[in-house]
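Note that the chains take the letters A, B, C and D in the order they are written out, and that residue 1 is the start of every chain.
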Amino acid sequence: MAKKSRKRYAMVLDSRKCIDCKACVVACKAENDVPLGVYRNWIGAERSGEYPRLRTSFDPEQCHHCENPSCVRVCPTGASWQREDGIVLVKYDDCIGCKYCIIACPYDARYHNPETHTVGKCTFCTHRVDRGDLPACVETCPSRVRVFGDLEDPKSPVHQLLSTRRHRVLKPQAGNGPQLYYLL
Amino acid sequence: MDPFPAFRRRFRKEAQMKLTKLAVIALLGLALPLSAEEKGSDTKGKFYFKKSCKTCHVKGGSALELTPLSKTQAQWRKVFDAGRHGKAGEGFSPKFGTPEQIRDIKTFLINHASDSPQPETCGG
Amino acid sequence: MDRRLFMQVAGTGALAAGSIACPRFFRKAEAAPVIPAGIPTTCELCPNKCSVIAELRNGLIHKLNPNPENPKSRGMLCARGNAAIQQVYDPDRLKQPLIRAGARGEGKWRPVSWEEAWDYTARKLSEVKEKHGPQGTLWSSTEGFQEVFFKNLGMAFGSPNILRHPSLCLASVNLAYSMTFGTVPSFDLLNADFVIMAGANRFESIITPDTMDLIGGVMERKAKFIYLDPRFTVTASKADEWHPIRPGTDLAFILAMIHVILKEERQDKAFLEAFTLGYEQLAEHVKPYTPEWAELETGIAAKDIVRIARAFADSAPRAVFYAGRRSSWYTNDFQMRRAQAILNAVVGNWDRQGGMVPNQKVPKGEFMFLPWDDPKAPRVDEVEKNFPLASAKDGVYLPLRENVLKGQPYPVKAWMVYKQDPLHSVPDQGRTLKMIEQMDFVGVIDIAMSDTAWFADVVFPESHYLERTDPIEVLPGIWPAAVLRQQVAKPIHDTKPCLEIVQGLAKRLGLNDFFDYTIEQWVEAEARELPIANGLEHIKKHGVVAFSEPKYGATRNPVNRFVTKSGKIELFSERLQEAGHDPLPKYTPPAAVPEGRFRMVLGRKATITHAGLTHLPWLHEHHKENDVWLNPEPAARLGIRTGDLVEVASQVGRVRLKARVTEEIRPDCIFMLHGFGKKSPWLKRVHGVGAADAVLLETAWDKVSGNAAMHETFVKVAKV
Amino acid sequence: MHEPVWEFLIVNYLFLGGLSAGLYFVAGLATWLTEDGASSYPRIARWGALLAPWPVSVGSLLLIFDLGKPLRFWKLFAHFRWQSPMSIGSWLLVGFTLLSLAFLWSWLEQGEREGLLSRIPARLRKRIPDRAMAWLRVDASAWRRGLAIAGFPVAVGVGIYTGVLLGAVQARPFWNTNLVAQMFLFSALSTGTATILLARLLDRHEVDLKETRFLYSMDIVLIALEFFIVLPYLIHGELSVEAVQEAIALVLGGPFTFTFWVLFLVLGLLTPLVIELWEFKPVLLGRGQFHLNERWATTAAGLVILGGYTLRYVFVFAGQASGFR
């Protein structure tokens, strides 16, 4: 049987287009039943300068679905795991809630779910992606900050963006090989 | 199924009543200039315009598409006062409505004509 | 390029994965966008009317996804739209009709049957009618698909006092553009190369498709974007230039721009010659308005004004001075908007790609209902007399309230309110409360216990938009659409759609014949003339009918008659002159900020609609409380630090809330968000939290349109 | 999202785990060192052995309570994940706890063991196979040395593991240095030593200069080792990349400065060191006899325990507050 070519899901973000409208955050809450007070995605804001020379930049962020995910490495029960296509997930039934992965994530992308007492995080909306849809945050974004797709597919928008545009990743020094790419 | 029972009921009743009077009033009414033009009912005018005029004056209809914006106030006045309706300029025969209704239509069209202070399309 | 873009926009789904502004990368979507199984409907959380597809799980509404078929909503759904589900399942929703049991505002309610609520209301309305005539009733509402039924009930009842929202919103803008072009155009931000925006905070106050087109245009195609605002908003942070203009002097800036353009002959002469009226008068009129003069007024350097004016004219026709869409700010608001319209006309961006474009509409049918008699009494706000150019159908809110309080020209003693919270949307809450007090009867139709509902005598719970079917609505624009709002789930409480509430009342008021139809019949009649085969079936299945591409230049035709008095674009307006107003926008400086006070400015946030939605948990999480913004310079003088409790006082009210010391505002202004300091305990997350700006705002209106002027209030700030 | 998710339960657990490791280690050493075929410091060994299993057991319970799903703790033992310090650690803890219980058993007198066995309710005792009962009755004192030797690597493992648990987290620059494990190990051994010293002091009848001297010398060495790890830890951090510098700033001029410098470094580390050296001064200078001031000794031991606890506190909380930017 011919081996199916491997997929590698990733996200490309154009933060400059982010208007901090929180659509992605609320869409994620609705789609994934995320409790109040914890977030699978968020928008970081950085303000600088003095009146009237001011600057604000917004950085939408979520799990980076790292190539080398430290959360998966430290998980004592194997509840944190990574799919073939790179998506990092939590098996809720195996999670004992030790919170080690929360601490081990350089991006603070995980949270302790106050209702289920297990650890939660962005799943790239696998249930949507697997049926051919886009993650909720990508679909809902008014300013089209987020582009989602398969890095291994040369025709995919993420592949094309990354091969034509300058970009960076966050906290590369943490060594996790993050897969959220921010356009410069 | 009749989607507009109440409307039909009233309209029919009104029409019957008006029709009986029409024979008496028609000649007289049409002969008189519609002097109290803007005093008609705007609301009803809109209704009768849609009801009576838009059956023909629509896109793809048997007559030119018309909305209040199609003409200026002066032009509308001319149409009604000079009885310019129809190819031969025969005016508004009773089949288009009672003189009261015609007056309402006139009011509506003039109030919302292209150069009026409150212009409006038919749908608006 | 634009055609392809459009195909994506209107097309079947490339959009879901793609981007308006970055088509190159999205031609091939990674995940072929399958429309998830669900029921298409139309969002109601703000006036944009975005198309959504509701996904149900186990009979509950699980998620609202954007419907890419609506070109106006550009395949997106904002935070508010996503949070709509929480309105449905809000435990504090209105669940059955209520009749007041204690004193007004005391919060004692008696749950009653619909019959009792209808009977009671009909009796009260009839009593007022008997005593004061039908004009003794006031019917106020805000924009909504079922507003037509509410409005019609008021009219059929015989009241001239139908009060709609524009005079709290965009009446001055609409009037100014109508009086110039005969219509209110859209701005083609998708294709504009140069955009000037004054105050309209487009990235925090989302307007479809402008917000999305602008961010794409600015960030992807590097369109130049100049932004004027006393506050450093998110929009300011995305602009190429932010000018914290002295509040109330936008008109000086615009007039100086026109001055520069005409003086340097950068105007579109051929266009002005062919389509406009009053160029000579305009040229003469703007002579004194030099950039140097404007610098003194606005605080923006003359050289910057000259530079911006040149760049603007040189980028034309792909250059727009964006109109904005919100309440008036000053009492000369209409004239400022007129000046914008004239500035746009001068560079000839009318009806051109990247310029201003007259709206297209998707045709639809109309349901024919029995017409009623015109009201016999004149309007209580005397709009015909005092604001002859304003829309008499909509009325003018603040003058109306003043007249009602005076009992002039006749008493108004019953107030029916639909979908609106006047205590928060109308300046000077104290006076609005007084107006409520002097009413014999107040009835409110809403989905939640708003503050106004809290002070009402009867509260009718309306079904949520996801629980009802509404009329088809046409969204005019460069990319027009017709949308349907259809029922997604059965009402979970004993609620009814507005039409049924109206019908219940109509039956008891003897007005049954005017409302003898069902929503299905209404929608069917409308769908019959949709420009598509099987219109009803199509719009039920897709939620949207949209097909046309942008049309540019149809009105740039010598035989075209503009819908103005002269039939031309009126730079000079005879009609304004006749009504006793300046026929060309004349500058009047804003009132100076009194010593020791600040000008209060208002603004929006993308998670809040008007003064509502702040109590929905998913939105509340992001703004739990409002605070008052204060520049560090005055803050230091007043000894105020971030987090301090301060008292803000105007001439009509005082509130306490926390301070936020920030560089993001001019030293002579303060700012606070709306939506907080609610009196209704049923809005528990924002009940008594923060403060309501409506308490502070003083009564002022634009002279021409009667639109509420929101930036004419000066306040004192002191540490508590 | 910089809210700490590991809080005092974890601080206590790390401290107690380390303490047990230290107790076992010192007791083991005291068992292993012999004079004339008998343990040189039998009472130290016995005290250590008697105390060792309990802190770690309490600590493990705390760890389980800290889990979001305490009833699922068994899942830790349904997997072995060599890359996860917590997985290794939990196996190690089980092994260590069992070993320390065996060590305790071996240090009980014959009568004490019989006494304990007789307390088992008759109904339950009937169920225990005779062979097992016989096995429990055997004189276990012969295994003491064996268990001590076997225990060294396991105890050191547990002591190191509490540090590795933190040090292995590359996302937290405050922790992510290979000095943390040793720091925790020496701190653990030092608190164990101090606890035995304290126990011996409280057990007034048997104050013994020789034993005290042994414990003092152990502690001096351990504190010195710890100090010479803390010092390079700070220097190394200051000279490192920005993220580590920022992390170190948490103790050098941030929210944890007082706790770290005053409670840990001065009171918990240097003060006991000075006291113990002072007590040793006559010996070191060769001018007389080491003599025991019980009050000083108690103070020193108490301060070492305080220091050990503070170290865990600072590391758990400051570590979580650190991160890359």
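Here, contacts are C-beta pairs under 8 Å (C-beta built on N, C-alpha and C of every residue); 3 or more make two chains touch, one makes a residue touch a chain.
These figures come from a predicted structure and were not determined experimentally.
Student: Would you kindly say which chain has the C-alpha centre located farthest from the C-alpha centre of chain C?
Tutor: The chain farthest from chain C, judged by C-alpha centres, is D.
Student: So the centre of each chain is just the mean of its C-alpha atoms; given that, what is the distance between chain C and chain D in Å?
Tutor: Chain centroid spacing, chain C to chain D, equals 68 Å.
Student: Approximately how many whole Å separate the CA-defined centres of chain A and chain B?
Tutor: That pair's centroid distance is 63 Å.
Student: Whole-Å distance, chain A centre to chain C centre, using C-alpha means?
Tutor: Computed from C-alpha means, the inter-chain centre distance equals 35 Å.
Student: Go ahead and note the Å separation of the Cα centroids belonging to chain B and chain D.
Tutor: Centre-to-centre distance between chain B and chain D: 99 Å.
Student: Report the topology of the inter-chain touch graph, choosing from line, ring, star, complete and other.
Tutor: Line.
Student: Report the complete set of touching chain pairs.
Tutor: A-C, A-D, B-C
Student: Tell me, which parts of chain D touch chain A in their complex?
Tutor: By the definition above, chain D touches chain A via 1-2, 5-6, 66-69, 72-73, 75-76, 78-79, 81, 83-87, 90, 165, 168-172, 241, 243, 319-320, 323-325.
Student: Which residues, counting only chain C, touch chain B once they are in their complex?
Tutor: That would be residues 155, 178, 182, 361, 363-364, 366, 368-374, 388-389, 391-393, 474, 512-514, 516-517, 521, 524-525, 561, 563-567, 575 of chain C.
Student: What residues of chain C sit close enough to touch chain A in their complex?
Tutor: Those residues of chain C that touch chain A are 16-22, 24-26, 28-34, 36, 62-66, 74-83, 85, 203-204, 206, 211-212, 215-216, 219-220, 232, 234-238, 242, 244, 606-607, 617-619, 621-622, 631-632, 663-667.
Student: Which residues of chain A touch chain C in the complex?
Tutor: 14, 16-17, 19-23, 25-27, 29-31, 36-37, 47, 49-52, 54-58, 128-129, 131-134, 136, 139-144, 147-150, 153, 155-158, 160-161
Student: So in the complex, the part of chain A that touches chain D is made up of which residues?
Tutor: Of all residues in chain A, those touching chain D are 39, 42, 70, 73-79, 94-100, 102-106, 108-109, 111-113, 116-119, 171, 173-176.
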